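Remarks on the structure that follows.
Letters A, B and C mark the chains in the order given here, with residues in each chain numbered from 1 onward.
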Amino acid sequence: MAVAGGLLLAGCNLPTFGETKPITSQGQDSIKLWQGFFIAGAVVFLFVFCLIAWASIRYRRRSHAIPRQTQYHTILEIFYTVIPIVGVLILFGFTFVTENNVDALPAPKVSVTVTAFQWGWRFHYAKQDVTVIGIELQDPEMVLPQGETVRISLRSHDVVHGFYVPAFDFSRYAQPGITNRFTLNLHTLGTYRGQCTQYCGLFHSLMRFRVRVVTPAQFATWLRTHRSGGTTSRASLTASAGGAVR
Amino acid sequence: MKVESTFLLGIATFFGIIAICYWFTSYEDGGTTMLVGVTALGFLPGTYYYFWHRRFRGHKYFFWGRTDRVVGTRPEDRDDATIQDGAGVINSFPGSSVWPFVFGGGAFTLLLAFVFGVWLAAVGISLIVTALVGVTAESRRGGNH
Amino acid sequence: MTDVIVPKVAGGAYAPVHEEHGPTGLMKWITTTDHKVIGMSYMITAVALFYIAGLLALGIRVQLTTPHGTFISFQQYNELFTMHGSIMMYLFAGPFAFGGLANYIVPLQVGAPDMAFPRLNALSYWLYLGGSIMMLMGFGVAGGSADFGWVAYAPLSTSTYTPGLGEDLWIMALVLTGFSAIFTGVNLVATIFYLRAPGMTMFRMPIFTWNMLVTGILILIAFPVLTAALVMLFCDRHFGTKIYSVTGCHTTAGIVDVHACGSAVLWQNLFWFFGHPEVYILALPFFGIATEIFPVFSRKPVFGYKGMVFATMSIAALSTGVWAHHMFTTGTVLLPFFSLMSLLIAVPTGIKFFNWIGTMWRGQLVYTTPMLMSIGFLFAFLMGGVTGVMLASPPIDFFVHTTYFVVAHFHQVLFGTAVFAGFAGFYYWYPKMFGRMLNDRLGRVHFVLLFVGFWVTFIPQYVLGLHGMPRRVASYPTGLGWQSWNIASTIGAFMIAFSFVVLLVNVWVSWRYPVPAGDNPWDAHTLEWFTTSPPPHHNYTHLPQIRSERPTWDYNHPDAPTIRHGRSQGPPNGHGPYTGGDGGPPGHGNGSAGVARGVPAT
């Protein structure tokens, strides 16, 4: 467990064990924790696996004699009660620290209000008066600047949805009546896919979106060109969503 | 009955502590209500069993008062009890009964009434009432035999 | 049809005062109050539903072999996974364990003539059967069956978003089965508290019975919450209450006004307050089954008996305080509290693992089908447990929540318990229930197909989850490399399905060419193996003296009693020291001294 803890701190150079490489600093924190948990889990798995395999192969029946009828070994039992408790407390310590980093809410430079609805997304940049809407098969794109602190305020218009971008290594429910806030510090330019993860009805499978990370200069340009309440094409999109977003 | 009561009172103690911890760390009312409910679930039968455990030992109430009769411990709670110690009538078991089936059918129909229409409720309720009357009469007859 | 007064006569026989001349044929089944018949009815119904839900799972897997699957429509797909989850969770795994096996085995293991409330027990079964029929009726009504997932998250489950009859049937079916479970829970607890045989103290009960006691308590904690939550949901759907519903609560800006309407997250709190103990209601009985099987086929007593009992209690206690770990990503729960409680469950689970291994250690393992299935359970549950610890950490849960990683995790846990350990119990107790053996060679074939199929099905799902594939999707984007993993998973699912065809063949063979089992084919430990197979009405004609948690073993092997803390426990009715080892001096065997033939009381 101590070994796993040490590796946790040196986690930067480890593989991500199948998980998507994060593009946010919050995601990097989570991934370090994941690497630690994965290694600790693998160690425990292999240890117990070997014990079971050894016991089941070594102690196959070889004679009809009755083995010694041992029932208790108090010291051993205390030992394998205390060791897991210590291990669990260590894991909890790392969890607690990481969780506070991931959930921290520093003052943002850019704020986006994300509203989920059946079955699409609305990204609203209130300060800049820019809105992007998309429904199923017309994935909307959320444009975010690189390197700046971004605050997402997430809510739902109707049922419970899930905001999930694999590249963020993060997800959060979008719920009616509740606004969830979280922070992103994006590192890497590019376009990433996102999807609703909480089952939300018929076209849940198609409720996707994209995130495009651009430089702050490009971001400012993008905001300028998309300002002023929405063009005719966007208005028609709203209409085709059955007036779901008002 | 001591182990049984300790078991149930243990549930009450554990969830009592958890409920207090949970309330003062979260101030969330739904979860706290349910945890208090679980505490009561352990506490009520736990004290009942404890009461009878003390009564068997000759205490009239939990810790005070004496009765003349000391029953001692039940054979199933004694390490050294023999099978012969448990001789005597243990319970009355119904041989066979059609009423659970009738009651089950009634409950099924009654709940279908919420889905398909109120008229089904008449069928459901009459089946349930029949079953209740039937099972009561059956128990009375059984006792008289 | 009258009540039968059952006296316990000198030798421990349960002799009815007057003989039964009850109805025969179908009427006999309908009017039965015998816990053995009810238990078997439960098991047959549950296994039939298991096959149905398994077929639904195959439909899901076939749809996902191609990215834009056209095998079924989105609507059908949503119904399929909802009903697969609902049937497996509510109608198979739980009722199979606490309605079927426990109903049959617990009274036998404590030496009771029947359950404490036989008519209530029969009612439990009829409510369960009614609930199962009601849920399946959903496929026949207009609009199809329920399609809001087995968790029925509000407000998706309110009438605005899912107005159909199928959803109403789903709710009512769960109300019925909920009551059935509560009655069974009451019955189990009362039976264990009041109907134990003399000398069967609480700390001599078999671990299976202990686990069923704890499960009974968990049922009483969890199911009333579910039933209440469902009734409120129904009121929201039809009587205009606003408990979870957000319909008509939107402000002019289009967002939901919290003060004017119900709380969506309340449903999640209530549901998971039921749902997490439910997971352990499904797991604990199966832990109990494995704990019966390991000692018998290692020919040793269970290692760390008391540790095992306390581990079971701790798991149950902690499991009631972790409900919100299903809600980490809602942003509305106290993360550290639920994270710590969830992580702590690893400790008693670990104790159980080491005790199981300790039971096998230095034993003489006999590889029959039940033992193979139990070892399969150990491996499956190990993987599920390790990934469970990962999920208990909120930052990790944030990125794997509602992906296939979670799907793989809980299938490894629930499939590992309910299927591997569940069918281990099926193979183990089948001779007791029917007096005939299942074919061991076919059983091995079943095990191998199941074990390989299990890993082939669920390991790809872990990978898919880490790659970001959400659960409950009927189609997925191309070009992400997901298709090959999905095809692998589907192949595994068909292997599992084929293994269950082998099981059917095995059962058919045992009926066509019966091999008599005898009273105690496994040289087992607990009381149920002392009576005949199948047991007579009211279970016992005589009982052995109960001096340890293994009365039948003590009776058959008076020279090999349990060694406690390095010292031998005196043989059942003697005080001869036992030095251990194979050729130790025989103690005073209890022989038949402790058993007296039952003489009908007058």
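Criterion: contacts are C-beta pairs under 8 Å (C-beta built on N, C-alpha and C of every residue); 3 or more make two chains touch, one makes a residue touch a chain.
Because the structure is a prediction, the values reported are computed rather than measured.
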item: Pair of chains with maximal C-beta contact number; value: A-C
item: Chain at maximum distance from chain B, centres defined as averaged CA atoms; value: A
item: Centre-of-Cα separation between chain C and chain A, whole angstrom; value: 32
item: Between chain B and chain A, distance of the C-alpha-averaged centres to the nearest whole Å; value: 45
item: Rounded Å distance between chain B and chain C, as computed from the means of their C-alpha atoms; value: 22
item: Touching residues on chain C, where the partner in the complex is chain B; value: 1-12, 14, 16, 18, 20, 22-23, 27-28, 30-34, 113-114, 116, 118-120, 122-123, 125-127, 129-131, 133-134, 165, 168-169, 172, 175-176, 179, 193, 195-203, 217, 220-221, 225, 234, 238, 266, 269-270, 273, 313, 317, 320-321, 323-324, 333-334, 337, 538, 543-547, 594-596, 601
item: Residue numbers on chain A that touch chain C, as the complex places them; value: 17-20, 27, 29-30, 33-34, 37-38, 41-42, 44-45, 48-49, 51-52, 55-56, 59-74, 76-77, 80-81, 84-85, 88, 91-92, 95-96, 98-99, 102-103, 115, 118, 155-160, 162, 164, 166, 168-173, 175-178, 180, 182, 193, 195-206, 208, 245-246
item: Of chain C, residues touching chain A in the complex; value: 74-75, 78, 148-149, 153, 155-156, 160-162, 246, 249-250, 252-258, 261, 263-265, 298-307, 329-332, 335-336, 339-340, 343-344, 346-347, 350-351, 353-355, 357-358, 360-367, 375, 378-379, 382-383, 386-387, 389-390, 393-396, 398-399, 401-403, 462-463, 466-468, 470-477, 557, 560-565, 580-582
item: Chain B residues within the chain C interface of the complex; value: 1, 3-4, 7, 10-11, 14-15, 18, 21-22, 25-26, 28, 30-31, 34-35, 38, 41, 49, 75-101, 103-105, 107-108, 111-112, 114-116, 135, 138-139, 141-143, 145
